[in-house]
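Shared between the two complexes below is chain A, which pairs with chain B and chain C, respectively.
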Partner chain A sequence: MNNFAASFKKLLQYPSAMAGIFVILVMVAVSIYTMITIPYPEAIRLWRGGEEVWYQNPKFAPPAWFNFFSRKKYSESFAVSTAEGGIEKTAVPGNDGVTTYTMTYEFDFNYDVYPQDMILYFNSAFKAKQPFMAVEWITPDGRTIRVSNFAIGNQYTYRFSQDDKLAAKLRAEEPILALFSDPQTGGIVKGTYKLVVTGTTFEPESNVDVEFVLHGQVYGLAGTDHARRDLTLPLLWGAPVALAFGLIAAIGTSILTMVIAAVGTWYGGWIDQLVQRITEVNLVLPFFALMIMIGTFYSRSIWVIISATILLNIFTGAILGYRAVFLQVKEAMYIEAAKAYGASNWRIIFRYLIPRMIPLLIPGLVQAVPAFVFLEASLAVIGLGDPVLPTWGKIIQDAQANGALYKGYYYWVLEPAVLLVITGLAFAFLGFVLDRIFNPRLRDV
Partner chain B sequence: MSVIAPASSEQVTAKKKTALHSFARMMRYLAMRVLTLFSTVVIGVYLTILIANMGGYVDQIIRGEIRDSITQSVANNPTMRNMDPETRRKLIEEQIALEEKRRGLDTPIAVRNFRHLTNALQLDLGRAINMTSDSGSKQVRLILLERLPATLLLMGTSQLFLFFSSLYIALNLSRNYGNFWDKLVIALSPTSAIPSWFYGIFLILIFAAGVKVLPFGGMVDSPPPLNPFDYAVSVLKHLILPGGALIISSFFLSVYNYRTFFLIYSSEDYVDMARAKGLHAKDIERRYILRPTLPNIITNFSLLIITLWTGALFTETVFLWPGLGRTLYHAIGLYDTPIIVGSTIIYAYLLAMTVFLLDFVYAAVDPRVRVGN
Partner chain C sequence: MSTRIDEPVETLLSIQNLHVWYELRRLGFNVIGHVKAVNGVSFELGKGETVAVVGESGCGKSSLMKTILGLNIPTDGELSFEGKNLAKLNDAGLRDYRFEIGYVQQDPYGALPPFMNVEQILEEPLIISGVTNKTERLERIRKIMAEVKLHPVNDFLHKYPHMLSGGQQQRVVIARAMVLEPKMIVADEPVSMLDASVRVEILKLMHTLQEQHHLSVIYITHDLSTVKYFSARIFVMYAGSLVEKAETRRLLEYPLHPYTHALLAATSDPNAANAETYKSVPPGEPPSLADPPKGCRFHPRCSKALAGLCDVKEPPDFEPEPGHFVACWLYES
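Presenting the complex of A and B:
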């Protein structure tokens, strides 16, 4: 144990190793936070959810903090409703059960880029007579535009952008652009806009609620994808998945490789020969092509992929390296002593041979993690990721499939890519330093 | 003079004899390697088929092929054209059953897999379900072989460039180790943990989307230039980014490894001796440091190349490079099982061939192979 304490002290001298440890600890903390705040079933529900979950978000929207760096300010998204009190609602009862509702919402619009869309979602309760609604739009310069009026069912959606009558009335191709522009100059008008929805219900028990959704050009902390999904969800959930995949695969392969190398060298003879022959065959087995075959033919579940990864990565070049060291250790005096007091083969392997290799094992294990973290992403990118899990690789795959790099949605690729790089490099730098500390032979040169 | 002449001719014959002897040794070594590598490929392909046929996928390929060809031949046979559909259908089913029996599809799975193995080793991989080659064939072999040159071009140029540039730079670094560049390479060597396709994304972002000097992907401009020179220039331009991504992803680690090898060997006593004798620094480097280090470096490089080979699949996909990897990617999308099995087998062959090529170089540079240990 003293040995380990001393090694850790040496670790403190390397800033890159400390940075690596820091990043890994942050990732672990984020993973724990994510798994507590967004439990697995909830995450799957959201990730697999369609329009009904994500209708409030714009499509292809970069994160909101883009506005800090951009001279042009992109409009932000919001959603308000009468049910949650975001929109003021007044009801004036009249004769014969008729009630008149006025719902107004004022908002500041100080951006340079038009929003994507505006939508009104109505919810009403009635028996026979449909409520009737009228929508008005009051611009900061005092113009009042009568947007539309219509009778609504129990559920009704009104999209400003798809109203051809409104487009004709405004003499514009895009109603949204016209609503936010000065009709003379065509420029965008900044200031406080007011949306007034007046409605009439014809039955005493009737009620009406409205939700107003504005799809801006930027959204939230991480932006959204083609399915309006908030990218913070897969970015957060990607951390535990990447860590789990990388660590399980790295620990599995390293330990199995070491045990097999130890058993092979200790017993020697045909067992040792077999291990070497398997390694030779495994070297010509195309790993990724086999993984693809397993992914397409059998299962894309992350557990199957991890098991196959571990199995195919046991017999690699590393086993030859371990073997060379074990051959030296096998001749050591203390092994002779163990044999003399009558220790069994397994006792010698697990109590005397393998513990000697821990200094080799730990750096190798840490250095193997990034390869597996990226493996998960690589498989996801070619469409063989776990179909239900939200992961970093899945984001990149969606982005690639939707031509994000060509169309300029850089945030969509960069966010998961940067997280992958940071995680991978943290392990790589830490492993590199550990290797130098535990294997001082390399440190001299 | 006359006394010396026969002695020298004797020396020449003796030299010739040893040259012949070492040549024979080398050939024997290479023949052994071919044999062992071929047997490993056979086992590797057998394992591939075993995995694929666990779900009966290889059998399905054969069955589909038999059904196709028999239905075709019956439909094209004028004497059978006037039969009523019911008897014709029966006839087809009978013939299919017969042919399946002839091809051994009713034998136990272990025997069947051996039959598939011999087919696969001859690259007789059946017919694709949805994909066709550019020449219009549905033969898996033709589809894959058509894609092979693109993959070989990309991998060959990048690997050769990677090997020689990192060797050259490592030699330079080992000469004045401890300086700024040396420290920089050591510091950057962990970045090789990032796979090449990942660097590819960043390169596309910078050079194709940002600076707009290089193409996003593909292998030639579209439409392809007619003039062969322009064509070559266009291919070269498209090669820069994917090749660059492959090189960057392993550059720093290989330079670091090679430099370490050089440093280990340059601290040997015989190098000090050579220095003491006053030999040229260049001669010392070439004969006393580079020569004994090369076998180690080649072993290291061949392990690297094996990972590069299979990883190139993703690089090709990201850069839309029309090679094997991208074909495999397409096949996944179309669920084209014969192509998926076929590319796995071709990759196994390619890996074995790469290993053999490097063995050949190894035999050429390592005197122990020629002289015998």
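Presenting the complex of A and C:
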């Protein structure tokens, strides 16, 4: 309808509304992008995955752009492997089926903070005789440290930090620190480090591959949590969950509230009385406490949460507000005319009463969205979120459970919190302006 | 235009001793009395006949009209349309009855839903009456819009009520009442909210439509000056009952009931001399319909009231001349 087109055109005059719309559109775009690139089953698999999925990541690592603001540079994480070609691998065949593999990897290390750990993951194929590996570490100042040598099975993991023999050899408590330090000064040595893994296989068909993982102190765009999970996953997936929850709850409650108010007002009598009494009872029920009870005793599924939210939010003060307006519209002359030409009760409710209310509905609907987004997050923070879905509230819950603020992992709490606040503000800004446009009492005051 | 009364016409609407009482409740359930809005009204309306119901505000005109439209349920009395008693109709029958009568309201702006355009407004009765074919609906909308002179039709189809002038809005209201091709129109003060310049046009339009479609019209007004445009008969209503029924010219020239006299005297004409004179109006206020005076309801304000008769017994209809009924003891002989 052109009335609405004109009203929405007025939005352009308000920068805050434009900012709100921009943020909402970006969120919608991000949500669509997320759901296409990380489909739901994949997201769940990653989010619930343990060490086998996330072994390449450090724990509790702030995002990599942290270095940009910090004078001390924190080492970044990386993972390279011979299978993917990141590590050079040369094979020299010898006598009696013996093959010697040389796998070398050079990398620049110009940071001020030691990495968390270094790990070698071996994969080998053999029938009876195990391949034998020797690991050497060449520092930028030319020292060659023979780290270790060992025979490997089909799968073998070597952790530098847990090698007591290496620690003894380097006369250090932490082998990682010793490997990156100058033995005289104890300071960190910057430059190009070289890792050389020499492997020997004893059977003609044998093969060996290695993956070198360095757990730095910072990681990726969003950092990682206590389970080495990349926080970009829940941050990205939190957007569609928050948007969907907020919008479904807001639209569901607004429309049901309006329809019930219209039906009650139109038919009057006991139906109207019933609606009002239910509203009065519902108004004194503690909503959040009820949600906690449902989450604790019944189910934490997102569908149960959203259904309960909608049900408990139908009979609120809004129904009384709508009722007041419907009582007025009910007496309109055009309703009398509609009755005179035989319009049915349902036709009058849906074609004549409710359209009159839409200008009131839209601002309220938009303003209700942040409340529901925060509700979902609040439930997640106190541990009553959907156990499967990665959401913003869940990140905060994990952070809180792991003492993030106490230990100084501020990024862990701030990232989801900032996104929640931005989302809330975007809808609030848009809602205020819509209210201003649609609600004549606020116009030009 | 008043000759039609003498021709034998088929009766379309017949009302016998109609009562419409509203309950007065205390605390929402305790009935403490009734507002007797319509109290014993009887008349017959022929096919193609036009009648004006005249009376001051609060005399029960609107209640009578709403009962005829089927919006109010009569407390007592019988209302039959084409021989069918409305009280005995089922829901489907009542719907069909509603399609047979058009309703033209007083305030054209309030009568049109502000969120629909003209096309949607005129389409609604057609959809409700079961015209499923969109092209047929549009055709009928265009036809009726041309008849009420909303030219050019295409310009008006997509306009909203607030974009139209008062006269154009009233034309849309008339078109909506006419779009189902009803047999009878109930017009509730159709011109009282319009500019004087537009009134005559709208009345002439209604007159044209009435003649073309051979419509029966019940024209409800408090303004006698607009009655003569197309009503064959006038019913004067006072405090819930019809006090005088007569042919238009006869009633305007030889009014019998004292209340009709007063009503005619109060009718204003654009005459400069009127500014200098006071008109004699009956003293007092119209009576409360919840507690009307005993006997003739007009007697407390009537200068010719006969003590001992008018304040005791309710007058029946007398017929001092053929076709001229008056409920007043003065014409008992």
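Heads up, the rule we're going with is that the second predicted complex is superposed on the first by the 443 of 445 C-alpha atoms of A that agree within 3 Å, B and C clash if a C-alpha of one lies under 4 Å from a C-alpha of the other, contacts with A are read in each partner's own complex, and residues count from 1 in each chain.
Just so it is clear, a contact is a pair of C-beta atoms (placed from the backbone, for glycine too) under 8 Å apart; a residue touches a chain by one contact, two chains touch by 3 or more.
Worth saying up front: this structure is predicted, and the values here are computed from it rather than measured.
**Student:** Evaluate whether chain B and chain C can sit on chain A together after superposition, giving fit or clash.
**Tutor:** fit
**Student:** Thinking of the overlay built on chain A, is A:Thr296 touched by chain B (first), by chain C (second), by both, or by neither?
**Tutor:** Once the two structures are laid over each other on A, A:Thr296 reaches chain B alone.
**Student:** Touch test for A:Arg351: chain B only (first), chain C only (second), both, or neither?
**Tutor:** A:Arg351 sits against chain C, while chain B stays out of touch.
**Student:** According to the stated criteria, A:Val196 is in contact with first (chain B), second (chain C), both, or neither; which is it?
**Tutor:** neither
**Student:** On the A-aligned overlay, A:Val28 touches which partner chain: chain B = first, chain C = second, or both, or neither?
**Tutor:** Once the two structures are laid over each other on A, A:Val28 reaches no partner at all.
**Student:** Between chain B and chain C, whom does A:Lys339 touch in the aligned arrangement: first, second, both, or neither?
**Tutor:** A:Lys339 contacts chain C only, not chain B.
**Student:** Can you tell me whether chain B or chain C touches more residues on chain A?
**Tutor:** Tallying touched residues of chain A, the top partner is B.
**Student:** Give me the angle at the C-alpha centre of chain A between the C-alpha centres of chain B and chain C, rounded to the nearest 10 degrees.
**Tutor:** Computed from the C-alpha centres, it is 60 degrees.
**Student:** Looking at A:Gly431 after the superposition, I want to know if it touches chain B, chain C, both of them or none. Which is it: first, second, both, neither?
**Tutor:** Touch partner of A:Gly431: chain B, not chain C.
**Student:** On the overlay, how many Å separate the closest CA atoms of chain B and chain C?
**Tutor:** Minimum C-alpha separation, chain B to chain C: 14 Å.
**Student:** Can you pull the chain A residues that chain B and chain C both touch?
**Tutor:** On chain A, no residue contacts both chain B in one structure and chain C in the other.
**Student:** Enumerate the contact residues on chain C facing chain A in the complex.
**Tutor:** 69-71, 95, 98-99, 101-103, 105-107, 110-116, 124-125, 128-129, 160, 173, 176, 180
**Student:** What residues on chain A touch chain C, complex-wise?
**Tutor:** Checking each residue of chain A against chain C gives 1-3, 332-334, 336-344, 347, 351-352, 355-356, 358.
**Student:** Which part of chain A faces chain B closely enough to touch in the complex?
**Tutor:** Listed in rising order, the residues are 16, 277, 280-281, 283-290, 292-298, 317, 367, 370-371, 374, 377-378, 381-384, 396, 400, 405-406, 408, 410, 413-414, 417, 420-421, 424-425, 427-429, 431-432, 442, 445.
**Student:** Tell me, which parts of chain B touch chain A in their complex?
**Tutor:** Touching chain A from chain B are residues 36-37, 40-41, 43-44, 47-48, 51-52, 54-55, 57, 177, 187, 189-195, 197-198, 201-202, 204-205, 208-209, 216, 260, 263-264, 267, 303, 306, 309-311, 313-314, 317-318, 328-329, 332-333, 335, 337, 340-341, 343-344, 347-348, 350-352, 355.
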